[in-house]
């Protein structure tokens, strides 16, 4: 049976700051540069979630993308959109909100809720030129 | 010898409707929602075909992209562009034209004709936010 | 006081066919080519609506874009999305659904409902390469 | 002599919040919704600056785009990038950082420094779907 | 009767170099920097041609975009694509191929051949961040 | 520990020509068509470099993208931007500058300098529709 990869793209806007509170301000400025800017900055994040599975012969769907969008919306977007990723998001508590850490955290938020297909990739565009992808713990 | 992946992007416009004729109208409406709309709707489909192989030392090409474009054109675009995917396309007869089923059908249409490189991925953008990929029967 | 132009982009998917029922099939085929294809084809339409006005000093808004989006949604998208533009849309009855005719019809649908700002442009992308704009009856 | 319009696109990332400090928190929440979110949110802003003039016959340039980019960089980007638009930017002090107010403020920042051509438009993409343009005080 | 603006986007790839042969090499290097690089460089040019007119009530078209594309193809693309803009294009002989000079030259190439609608804008994207537009000799 | 893929996108403009000097002019014209055009043509190349590794718990970074950008800049962009890929670039001497050969050459230029993460993919967009990827010598 054929395996097909299905991707849904979403977006959200958020503020963040790269800062490791266990380190000195000096270390943070030297390490993160302007991404450590004290009063935050922000991004239009583009999020791509990919699920793989065999299309159901009755529907031609690996998974109804409306169901996938609902999981993305409830588990990630509703919690992150128009938020401060350092301060406002319970599942990011204690996480430095680098794109790398965000995709791993998003995976853990969504993976248990995806039925039918198997989550196989989460991509996050922080800017048009910086992209991060997590493919699970291989 | 290095293996290189070469991708050619094309597009076509078509009408379709998600509908399983072996099921009731009620089941179809409940399952496919507005994608089951009786008088069709349509898309600007973007199609990405990827071939992998070793570049020929005389040309630097895995495969002349003009040859690949000719296969995409003759085997898929000429048959699907400005068509109704449920009614007009012989190789889709009996297929529910979900993006998942389309990429598998497109693979079967093109794969036997690709020489030099090996077909390795077909991606189909149904909208800017919904994408499907088939990588063959692994 | 400064005049500022505010644009909201939306999209919808629809089927259509270019066909003038007062003319022969031959004339239609010769005039519209594959856009006259009998079983319809379709597009992902991108719609840009621009309003001009003075920003309100209390809000910094020419017009709340959520209000503009609501008008676009109720007057155009809800009626056209996943529809057949020749058969399903009351306000397009008797209209050949060329992009030119669509932007004029969309203007007439939305213009009376826009408050605060003044509608100044409607752009419609039928494909990535074909775009039409109406700026009102100057 | 021909008049030609020359546009340079740039971008910056910033945090902001829509909030009118002369109004109650309730009014702000009701007016701005999630854009009033207390701990800020942010955007990847895309900025387009257009200058019009006659091309210099010796260079074929209306204006060297490197000179225009320098003005955009020094007068806007260096002050706004990775900043909080409500707190960190001297020329936005007392301004509600709506896109409408930003384009007018950016105009006033840059217009006196542009030589050769005449500033004719500033466009700001707050998101891929929300765009604002200022064409000066006509 | 409504006036509608119709735009067709095309592209071509070409080499060029900014160089004024009536000036010294030193002046050229100081004025054009790396755009004066002696062995040429090149671009994927995106070209947008806009025509304005009243839609024909029999067709809903301001102008058949296939006819417009044919003019763009024959008068500009066939002569410029995969060419060296300084050496190979008869209608650019003696022109410094800055984007400003190109859009004016393209206007003169195409304007006499456009029937039905009136040419109103030519836009040329030299890169994703540098754009030039000519609206005719107002 | 999670493996995360980090991608940085860059661009450069260059002239080139597909030509195998060990073959006749006739063979070259027949093989490469207009890509063999004698006076060169050119492209806006988009380059995507992907590195994989475990995020550093102190920074949340696989690799500081500023460090990756520096390697891309120094090893590829500074040598190729506004150049003629057949004539001007020492590391491309004797290489037919097809996209396939370019990605392999870029890999060899950058791979030894990347620390922390492991280079895993280089993608090159020659045009919006033609893309090539190298994933190393598997």
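Per-chain residue numbering starts at 1, and chain names A, B, C, D, E and F are given in the order in which the chains are listed.
The rule is short, and it goes like this: contacts are C-beta pairs under 8 Å (C-beta built on N, C-alpha and C of every residue); 3 or more make two chains touch, one makes a residue touch a chain.
On a predicted model such as this, the values are computed, not experimentally measured, just so you know.
Common neighbours of chain B and chain E under the contact definition above: C, F.
Relative to the C-alpha centre of chain D, the farthest chain centre belongs to B. Interface chain B/chain C: over half of the residue numbers present appear on both copies, so the contact uses mostly the same residues. Rounded to the nearest 5, the angle that brings the Cα atoms of chain D onto chain E is 120°.
One finds 29 Å separating the Cα centroids of chain A and chain D. Between chain A and chain E, the centres computed from C-alpha atoms are 42 Å apart.
Residues of chain A found to touch two or more other chains are 128.
Taken together, the touching pairs give a contact graph of some other shape, not a line, ring, star or complete one.
Each chain pair that touches appears in this list: A-B, A-D, A-F, B-C, B-F, C-D, C-E, D-E, E-F.
Residue ranges of chain A in contact with chain F, taken from their complex: 18, 20, 23, 31-33, 95-101, 103-104, 128-135, 137-138. Chain D makes touch with chain A in their complex at residues 11, 13-16, 34-35, 37, 39-44, 81-84, 87-88, 127-128. Listed in rising order, the residues of chain D touching chain E in the complex are 2-10, 55, 58-62, 65-66.
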